[in-house]
Amino acid sequence: MRDERPNHIHHSRGTPNRGTVRFAIIGAGRIGRVHAENLTRHIPEAEVIVIADVFEEAAQKTAQCFGIPQASGDPADVFHNDSIDAVAICSSTNTHAEFIVQAAQAGKHIFCEKPIALHLAAVDSALAAVEKNDVKLQIGFNRRFDPNFRGVRDAIRNGEIGAPYLVHITSRDPAPPPISYIEMSGGLFLDMMIHDFDMARFLLDAEVEEVTASGAVRVDPAIAQAGDIDTAVVTLRYCNGALGVITNCRQAVYGYDQKVEVLGSLGSVSCENNTPDRVIRQTSVGVIYPKPLYFFLERYQLAYADEMRSFIRAILDDTEVEVTGSDGRMPVALALAAGRSLQEKRSVALREISP
Amino acid sequence: MRDERPNHIHHSRGTPNRGTVRFAIIGAGRIGRVHAENLTRHIPEAEVIVIADVFEEAAQKTAQCFGIPQASGDPADVFHNDSIDAVAICSSTNTHAEFIVQAAQAGKHIFCEKPIALHLAAVDSALAAVEKNDVKLQIGFNRRFDPNFRGVRDAIRNGEIGAPYLVHITSRDPAPPPISYIEMSGGLFLDMMIHDFDMARFLLDAEVEEVTASGAVRVDPAIAQAGDIDTAVVTLRYCNGALGVITNCRQAVYGYDQKVEVLGSLGSVSCENNTPDRVIRQTSVGVIYPKPLYFFLERYQLAYADEMRSFIRAILDDTEVEVTGSDGRMPVALALAAGRSLQEKRSVALREISP
Amino acid sequence: MRDERPNHIHHSRGTPNRGTVRFAIIGAGRIGRVHAENLTRHIPEAEVIVIADVFEEAAQKTAQCFGIPQASGDPADVFHNDSIDAVAICSSTNTHAEFIVQAAQAGKHIFCEKPIALHLAAVDSALAAVEKNDVKLQIGFNRRFDPNFRGVRDAIRNGEIGAPYLVHITSRDPAPPPISYIEMSGGLFLDMMIHDFDMARFLLDAEVEEVTASGAVRVDPAIAQAGDIDTAVVTLRYCNGALGVITNCRQAVYGYDQKVEVLGSLGSVSCENNTPDRVIRQTSVGVIYPKPLYFFLERYQLAYADEMRSFIRAILDDTEVEVTGSDGRMPVALALAAGRSLQEKRSVALREISP
Amino acid sequence: MRDERPNHIHHSRGTPNRGTVRFAIIGAGRIGRVHAENLTRHIPEAEVIVIADVFEEAAQKTAQCFGIPQASGDPADVFHNDSIDAVAICSSTNTHAEFIVQAAQAGKHIFCEKPIALHLAAVDSALAAVEKNDVKLQIGFNRRFDPNFRGVRDAIRNGEIGAPYLVHITSRDPAPPPISYIEMSGGLFLDMMIHDFDMARFLLDAEVEEVTASGAVRVDPAIAQAGDIDTAVVTLRYCNGALGVITNCRQAVYGYDQKVEVLGSLGSVSCENNTPDRVIRQTSVGVIYPKPLYFFLERYQLAYADEMRSFIRAILDDTEVEVTGSDGRMPVALALAAGRSLQEKRSVALREISP
């Protein structure tokens, strides 16, 4: 029934901007501003009509900064706006699933930040609404668009390392977030490692069927008081028999450390961190290379733009998005399995969580 | 008499676009298109009014591609256009000096690709016109805006390596240009090494007083038939007593190799090439890192945008440009000295060329 | 009561070679020959009196090769030889514990290859005999003497990375051993990962209290038929709260891959593989670095000599050995715990194995 | 007439040590001790009979340290000693040529440290005596036996980089020698760069026909007062048309920096410095790799042993030495040409020095 939706991009009446996707952005926080900048400045095929945030002032400020014509204090506003083709959901996690449902019902295509929700029931409701209303949903797993990770994945796909044996994913933040953030985050597995669960699936193009988690508090005892961990090792068993291991730490003082390596029958492929430059100092201290880029905004700057370009291309060409709703659901299930494994000190099969 | 010029950016009557520099681009070849893209897409403070090329079709094609309102087959047109604040001279080298003179007389600020001219007399006429008409002139030594080279220069300025002893500059193209290009190029020293002569001055913030050149034809005998060399080593003696060495080759099959190193009393600072990604393959062949970015358009993509931002900032803030007319003149003199050294098999003092 | 032992190095009657340790080598296989070469050629403080192997021909061949005066087909011979100060036990694993007991009872100092035994009861008997007879026992955990691993450990000890958070140990063989070897090996945890369990303790100078193991057969199905795995991930929990992860694979076609990294509150310290040289090729394929040294004999050549020097020094100076009997026992316990964890798909506390 | 020489290794009367070369070492300074250690400890095919030094005490001390049976205060002694097959000349440069003549006349094979002499006449006399007496002469260009440089040379020989275009040789000492040493050294070209002139020939297996030198004093003005330079750039023109450049500096505070790179039609091959280990620290300062090994004794430890093994092999197998007298002569000629070039500020053809 695509053709009957009033504001489908290819069929909207009276639209002069064929070839352009008109966006609403929901959420004017850090990540909302990243998408606002990319959509307004770096992607000619996008037009941002409105930005909405319950903190209306934040919406107004971002609108002004990026020349967005409308700012709103009520995110619900955007769903009734006929001039909008797509929404970018950048609000707090607890609102994602509900906004997906509302956007889908309004016939808007949806770009949603990860995670969809912290519980599978909410995820499944959201995905059902997307399915029913036949809109596109892309999840914000931006790392899939990082040239390094993509290069590793492509090498594997091209058969360069043969059959995969062992996947290593290392992810370290430069510094832990505020305790207030951690308290609301859903925990390290759902907040931080969820990207790595997605990466694990992305690299091998294969599902994980079992996880075994260990965790510790090493960085800050206040994180333990908040009921979370800051350091974790999770072992993965893939359906194809390969093993994987993800390690996370909330603090690496030298910067944002994001690396993967996959060993296979014909060799290994890995990637190093990006650095601000390639300047090398040789002094009496040693041979000093640059530190990694500081944090995710720097490291994934290009990836954020490219994921949005990919989403817009899928809308304009009416093709499958590169990161589907199912891609959004599986890492949530894996994070929940990891949580149970940590508690029960045993391996947990994915089917225990998502039968 | 700045204030009387009709279309000076800060004082132009009736201009609604305070804070914007209105450009004409002269030359719709490869480099002209680079500047067109940056000015139209990536630099909000710029507006391109017209692009002119003696091949009018090329101008029209580029205009269309980047949404430039006017295309012209007569570069001279742009000098009489009162709505233009600045010109970007991207035409063939033999036109640079004359266009600088005309632009300066018309009161336009000037961004000019290197080299200004192949003879010092022409350079000096151009610089005199700039001086007389009090316009800004920036030379397109884009490498000064490369984060790696800038990082090396900054480390030296910060005293990190102490007193400089020895400068190494390596510059290799992936493949030689067509013989027809080489015939018109002015020769390797003026066409290719001129960037390195500029880099030599930039890194130490010091003048070179003597050069000693050796050259050979190794890549293609046709280059010898065209009267040029394709491989060269030039030794520099700086006024401050430091030595330097530049090596050039027209062909490095693994890509564009652009590196510098400076050794000083407290250590050395150098930079490696940028690569398309940081993916590493370990196979039975070896441990394989990515090749350098292919050529200058890839390597210096950011630098091209940044040099133009710097030029626009100098106009809008009425400050000194970062690459002056004198910075354009000295490398020409050094290239001419290198040519004489090569012929006479002896060291040539700069004052022999430019007394 | 050291002084009463008949052939203690410092007090042996009639010995003209004060400052020399007289060795018997038991086992003339690959590792026996390594020790024979080091003791005869590279360590002036050692004198090899006899080499014994149940395959007498092997003993004779090795004796001839390295100028060892006696060869024997009966390892027990050496224990009754009064001119011997120390034995190097390089025979098959199933003989280690018994030879330790016999050597201890004969008052010989003992260097024994890992593992002491495949069961803790045998290990404990051996250690009791060592204790009772007051001889020195050093276990052949040669990697502790590798300059890279030692450098990492020293950096941690020096406080360079602050409090340790997370230990990564990667160990990959270039190719799996023959199935016949695997069948007798005790399994991957006791045969291969035992070195990494030792490394885990060495790097942090702390005990591991819990292990969680996952394993798979990826390299060769025949390994599964032999009841073993070829790929494994084991997570460690240290008594001090740090986490660790060891990954093993029996095959990395690019060579012997042996790396560690430790992340701590002030940064990380890691080591790369040694390579045969530092030659770099830049071709149209990429930038090609050398592969790691092929296997353990190449990688740990210096470490094998240094562990023996350390043992000899401990004897001559009557100081504590650097790798004690307890250092030999703990990795066996950890390997057994890993085996149980793999079977039962749960975390296993070390105290379950070694109460 | 080899077979008639009285103490030729294969035919000496009464020698029980067939397969062994009996050495005399002349000179018990730093390099003499290096050879003494290798010959006595690491090369079973060598036997050192005597060490001689005009400072007899130094000879005695070294003899004692390495278990050499005789020490002498008169180097001439060794030439009359019938039990000696070969001499290693490690005395001061001004004695090399004369000792070569005497050794040759006495029918001894000769290993001589570089340079043979500081003047070509003396070199030629020495080579004539070697020729006349049909003994082997190997020059101590140890770097030819460094695995990195040899790896680069082998890659070139194997055709991996195609036709060579451009050779880069970088050589930096960690700190300048005492002024008293510099005064006697023959100057930077003959003392330091002589190794690089040899390397230039070795890498391409081709002769250099023209040199162009620049020099400066940057490290210490006292070096200027001693009539020498401490920083130099020398450009080479090979007979085969390739170009080369050697840069030297007497001080690199981060350690001994010894690198080469050769660019050719199919790519480049280069080598990095060896380091004491491969430990990497990531801290708030940056990513810190180890410094190069401190100086030549550390860097070329293996090379010193291997050059001597090669010499001994040539004697025992009666084959050509790997570094001939001509290989010792050419770098002296190149160093003299560089000196003239520096003085006269012009390119100097080798045939001007050595017609």
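Each chain carries a letter (A, B, C and D) given by its place in the written order, and its residues are counted from 1.
Convention: contacts are C-beta pairs under 8 Å (C-beta built on N, C-alpha and C of every residue); 3 or more make two chains touch, one makes a residue touch a chain.
Just so it is clear, the structure is predicted and the values come from calculations on it, not from any experiment.
Chemist: Quick one: which chain's Cα centre is the longest way from chain A's?
Modeler: Measuring from the centre of chain A, the most distant chain centre belongs to D.
Chemist: Could you please state the distance in Å, as a whole number, between where the Cα atoms of chain A are centred and where those of chain D are centred?
Modeler: It comes to 60 Å between the two C-alpha centres.
Chemist: I'd like the Å distance between the centres of chain A and chain B, where a centre is the mean of that chain's Cα atoms.
Modeler: Their C-alpha centroids are separated by 40 Å.
Chemist: Two-or-more-chain contact residues of chain C, please, as numbers and ranges.
Modeler: 252-254, 257, 266-268, 281-284
Chemist: How is the touch graph of the chains shaped: line, ring, star, complete or other?
Modeler: complete
Chemist: In their shared complex, at which residues does chain B touch chain C?
Modeler: 252-254, 257, 281-291
Chemist: Any idea which chain D residues touch chain B in the complex?
Modeler: These residues of chain D touch chain B: 163, 165-166, 168, 170, 172, 212, 214-219, 231-233, 235, 237, 241-245, 247, 249, 251-254, 257, 263, 265-268, 345-347.
Chemist: In the complex of these two chains, what residues of chain C are touching chain D?
Modeler: Going through chain C, the ones touching chain D are 41, 44, 147-148, 151-152, 155, 160-161, 266-274, 276-284.
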